[in-house]
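Below you will find the structure I want to go over with you.
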Amino acid sequence: MSLAWVLTLGAFLFSVGVYGVLARKNAVLVLMSIELMLNSVNINLIAFNAWFRDSAAVGQIFALFIITVAAAEVGVGLAIVLLVFRNRKTINVDEVDLLKW
Amino acid sequence: MDPEATEGAVVSWPAVFVAIFGAVAALSAVAVVLSRNVVHAALYLVVVLGAAGAIFLVLGAEFVGWTQILIYVGAIVVLLLFGLMLTAAPIGTHALDNQQRGVAFMTSAAVFGVFTFIIWRSFGSQRIHLNQVVRTSDVGRSLFSGYILPFEVVSVLLLAALVGAIVLAKKD
Amino acid sequence: MIFYHFFSNPWAVFALKLAAVFIFFLTAPLVLGYVEHKGLAHMQSRLGPMEAGRFHGWAQLIADGVKFIQKEDIVPDAADRRIFMLAPMIVIIPVSLVFLVIPFGPAAVSCHAPAGTGGCGFWGENFDVGIFFVLAISAISVIGMLMAGWASANKFSLIGAIRGAAQLIAYELPLVLAASAVAMQAGTLSLVGIGDAQKAYWFVFPQIAGFIIFVIASLAELSRPPFDMPIADSEIIFGHMTEYTGIRFGLFLLSEYAGIVSLSAIAVVLYLGAWHGFIVPWIPGPIWTLAKIGALSFLVIWLRATYPRLREDQLQKMAWKYLIPIALVNILLTMIFKVVF
Amino acid sequence: MAVTELPTAGMLPGGPGEGVQVVIAGEELPTQEMTLSIGPQHPSTHGVLRVVLTLDGERIDTATPVIGYMHRAFDKLSEARDYRQIIALSNRHDWLSAFGNELGVALATERLMGIEAPERAQWIRMLMAEWNRVLNHLMFLGSFGLELGAMTPMFYAFREREDIQTLMEMATGARMHFTYCRVGGLKEDLPKGFLQYSEVLVKRIRHRLLDYEGLLLGNEIFKKRTVGIGVLPGEVAKSYGVTGPILHASGVAEDSRKTEPYLKYSEVDFEVPVGEHGDSFDRFNVLYHRIEQSLRIIEQVHAKLPAGPIMPGKMPKYLKPPEGWTYVRTENSLGETGYYLVSRGDTKPWRLKMRTPSFHNVSMIPYLLKGVLLPDLIAVLGSVFFVVGDVDR
Amino acid sequence: MTPDEIAAHLTEATGAAERSDVAHGEVSVWVPNDKWVEVATHLRDCGRCHFDLPTFLTAVDLEEQGFEVVLHMYSVRRQHHVNVKTQLARDEPRLPTLSGVWNGLNWCERETWELFGIDFTGHPNQVKLLLPVEFEGFPLRKDFLLMTREAKEWPGLKEPAEVEH
């Protein structure tokens, strides 16, 4: 199978994620879009790993790292979202424009 | 680079699966960012991540594939759904987008265009051959020999994130 | 001769295995449900079903199933229709997939099956990362639970789903940690491999802490008493299943009982020596496996008759304060054990 | 908008939870409080009690019981019936302690008319009242376990209840609404074999109570769920007019069987079990030990039951109590059941006010539920023993 | 204190008791409307009375004499009872609330309000308790007729032999 097509899929998911991050108002949806972007990187890594036929499986290892980072990011991100919600009663990123509360 | 890279276009079963799952993932990803209902968006995200996991399995990354499902689907999306429900996700549609949709669309289209151009420029003729299965023990061996330091760093990161999340979410 | 040809075709064998797994998936929960009806009844000094099928109500659950199928499939007006209807499937499919990898017996001596057909033995499929597969796939059920709870447009359902999801996330961790200690001990992630590794002694002996953690965490994953807060009928009616009727409700129930069987089976493979017997080793392996699964499932039922339910925060506290640290120490000890011996 | 409660002067700490709700308009942001209506058809409110909760997450902000779904105008109806008919009417509302209710009406009428029931009738009344108490308490023992998720005690309780109901049926011919009391005495004497069976039952139930001890009182999870949950201080309980086992659990040993003995309670030996902390566990524990005490009384009645008539020699054809009023209090299963009877010398009472324990117990619910977790709602609600018919009358 | 002592004590301490009466071992003390809260507070706070358990509060329709509100109190410490009563005019009966004195009277007053139409001024939450919100009238007043009984006397009032055919 063609490597480029898989990479294109990754690129597509990434740009969809970019759109989501820019166009969404709800903070949780923004987090989801970031997940999309991270995931597209994973697809790239796995595709390259399969293409290289690397016996050390470096691509897979980095994909695992990214999954871990994504988990950490969601944990902290959601904590922030909940905190903002508790203080501002909204999770619309446009409305959270004060630098203090 | 690869000697077999210029082989003729043979449609193999893995390629078909990747195409199917890829299409599913792409469509669902679009649905994630366009959906007018937050919970639907999260569920579409599940589909994207599941399809990506399936692609990993097809591409021979068994361990990563199942990890993807265990961590992403079983934990991250559930956390996201939690966040949605705790911040009151009503049934029905609400305005979820801001005013910069046009700009966002152009930006992402530009990103996609540049990426696609570069990808096809560089790897347009490369092919993936799936005759070698990467076994989980290889991943483990590699992870705990050459990449032990990054592994530990990631563990520390995870711990920091855990503590940070608890500190942030804790009521005073 | 025709039999020989049939069994020499690996795809035919695979199809046969799939059929067997499917039949087991459908019948084992029925049998378990019947045992629960009667066992609970006798523990509570009553009779339980006596009419259906004439002999001690043996056909009660079949009758129940038929009733579920016949009943009207009601979707509440305010519900999110598609998600509401999809949720039971999302819950039951992962549970049924787990049955695919449960090994009931040892591998055949000689095997010529090609890759992808599961090899030769009493199992559907022998994954390289079997135990990981089981844990990953059963995590998907949470999504179904949340879908059901949210889409029902019912406050009780939503509370139930959130409780259930919180419980599942919290107990996924001790479950994975306990299982990974076993994987360390056996030196493989494959369920068949773990079963093989217990030829000399069952892992329940070195891993007794892990076994207890695994059983407690499984009970919490299954939301069975004393951890049945997500469906606590006296508090939140029936949790995420409150609004369901007919066949969709039946699917939820089926997934609950199938879940008991599958997690008991996993516990048997991980800790209780899988198909290895004792005292009377001439009894074939699959029968040993079934007997152990039955015994463990009966324990689950027994607990239901004995204990009141904990509170959600007490349950979380138990997971984070006791089970997870103990599981981590258990892993550490297993590591030392493996390095030293 | 923030919703706060106006403090009311002179209230005990904690307040009644029933103050006026004042909406403070201003720059405050809208809160995401959730209103949850438990009942009227909710499995844990045994009957048609409805509790409207406002929740913050799973923590209860306010709880407002909504009652009246079973109101059937006992007070008004009894003004249109004669005294004998009221006995049949009165045992309907608290269906778990029917005998205790009818006893109160009979005692009130007797007191106004100056009649005293014969010795034997009084002893039998006491016997029946105590059996009825056991019947009632078993029900609450079982259902409390069920609400906390333990199914088995419920079935055990029903097994015992079945036996007791059979016993009561031997004497009264009814299983729930006994209508065994008459003004002046009883409907009829005990049948043959009743006392023997009663003796057997006392032994059997005393033996089987050990099961409950193992399943609930000694159970770690049960303790975790109930100890320290829903603490009701004695002073607060009294100020709400709470009586019976709930008051005893709060450490107040007020029992009219002891303080103002009616029937023959002064001649039998028993104790009033009291709790220490007034939490759900204490309430349950008190209930459990009250059964033992009731069994003790029953045994003493077996030994002391005198022979004799069960009705006074001559009763008037029409019961016309002279003009006057009286208030008769009896220690019913769940607390003080009282009848405030005003007569104008007619065959029908001028006013008959029924004071029921459940009404006051339920009025205390907002105090107990303030700030507890939703799952604790059940542990609290289950330990506030009430019968909805008794609340609504 | 014995019933007579309670009556004497109340007359002495509050000067509010209009008259008192002991019947069947229980004392009733009649107080004027405007001393209602004062007497109740005294009952609660006075060390000799120490009434801490409000048993019930209700009313009796006296027809032309108006209503009589009855408050029955019990003291767990001293183990004595008292009935405090007050008479209200039939048109616009009104009485200050005691729900601030004893929590337990909150519901009793709501009940009395909806059944007798006696307005407890200052009550924090005087809304229907037992009856449906849309119910009209005050059912325990004697002029609220039990319609079915008006149409046909309760048949059980007479012995079967007495029924005329």
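Things worth noting here:
Think of it as A, B, C, D and E in the order they're written, each chain with its own count starting at 1.
Operating definition for what follows: a contact is a pair of C-beta atoms (placed from the backbone, for glycine too) under 8 Å apart; a residue touches a chain by one contact, two chains touch by 3 or more.
Keep in mind it's a predicted model, so treat the numbers as computed, not measured.
Steps from chain D to chain E, taking the shortest chain of touch contacts, total 1. Taking the mean of C-alpha positions as each chain's centre, the chain lying farthest from the centre of chain A is E. Contact tally for A-B versus C-D: the pair with more C-beta pairs in contact is A-B. Among the remaining chains, E is positioned farthest from chain C, on the basis of C-alpha centroids. If each chain is reduced to the centroid of its CA atoms, chain C and chain E end up 63 Å from each other.
With centres set at the average Cα position, the gap from chain A to chain D is 60 Å.
Each chain gets one centre point, the mean of its Cα atoms, and the points for chain A and chain E are 70 Å apart.
For this pair, chain C with chain D, the centres built from the Cα atoms lie 45 Å apart. Annotation for chain D: residues 32 touch two or more other chains. In the complex of the two chains, the chain C residues touching chain B come out as 78-80, 83, 127-129, 132-133, 135-137, 139-140, 142-143, 146-147, 150-151, 153, 158, 161-162, 165-166, 168-169, 172, 176, 189. Those residues of chain C lying in contact with chain D across their complex are 40, 43-46, 155, 159, 225-226, 228-229, 232-235, 237, 304-314. Taken together, the chain A residues at the contact with chain B in this complex read 1-9, 11-26, 28-29, 31-33, 35-36, 39, 42-43, 46-47, 49-51, 53-61, 63-65, 67-76, 78-83, 85-86, 91, 93-94. Against chain A, the residues of chain B that register as touching in their complex are 2, 9, 12, 14-15, 18-19, 22, 25-26, 29-30, 32-33, 38, 41-42, 45, 48-49, 52, 55-56, 59-61, 63-64, 67-68, 71-72, 75-76, 79-80, 82-84, 86-87, 95-98, 100-101, 103-105, 107-109, 111-112, 115-116, 119-120, 123-130, 132, 134, 138-139, 142-143, 146-147, 150-151, 154, 157-158, 160-162, 164-166, 168-169, 171. On the side of chain D, the complex with chain C involves touching residues 34, 36, 42-44, 58, 145-152, 155-156, 159, 215-216, 219, 221-222, 224-225, 373-378, 382.
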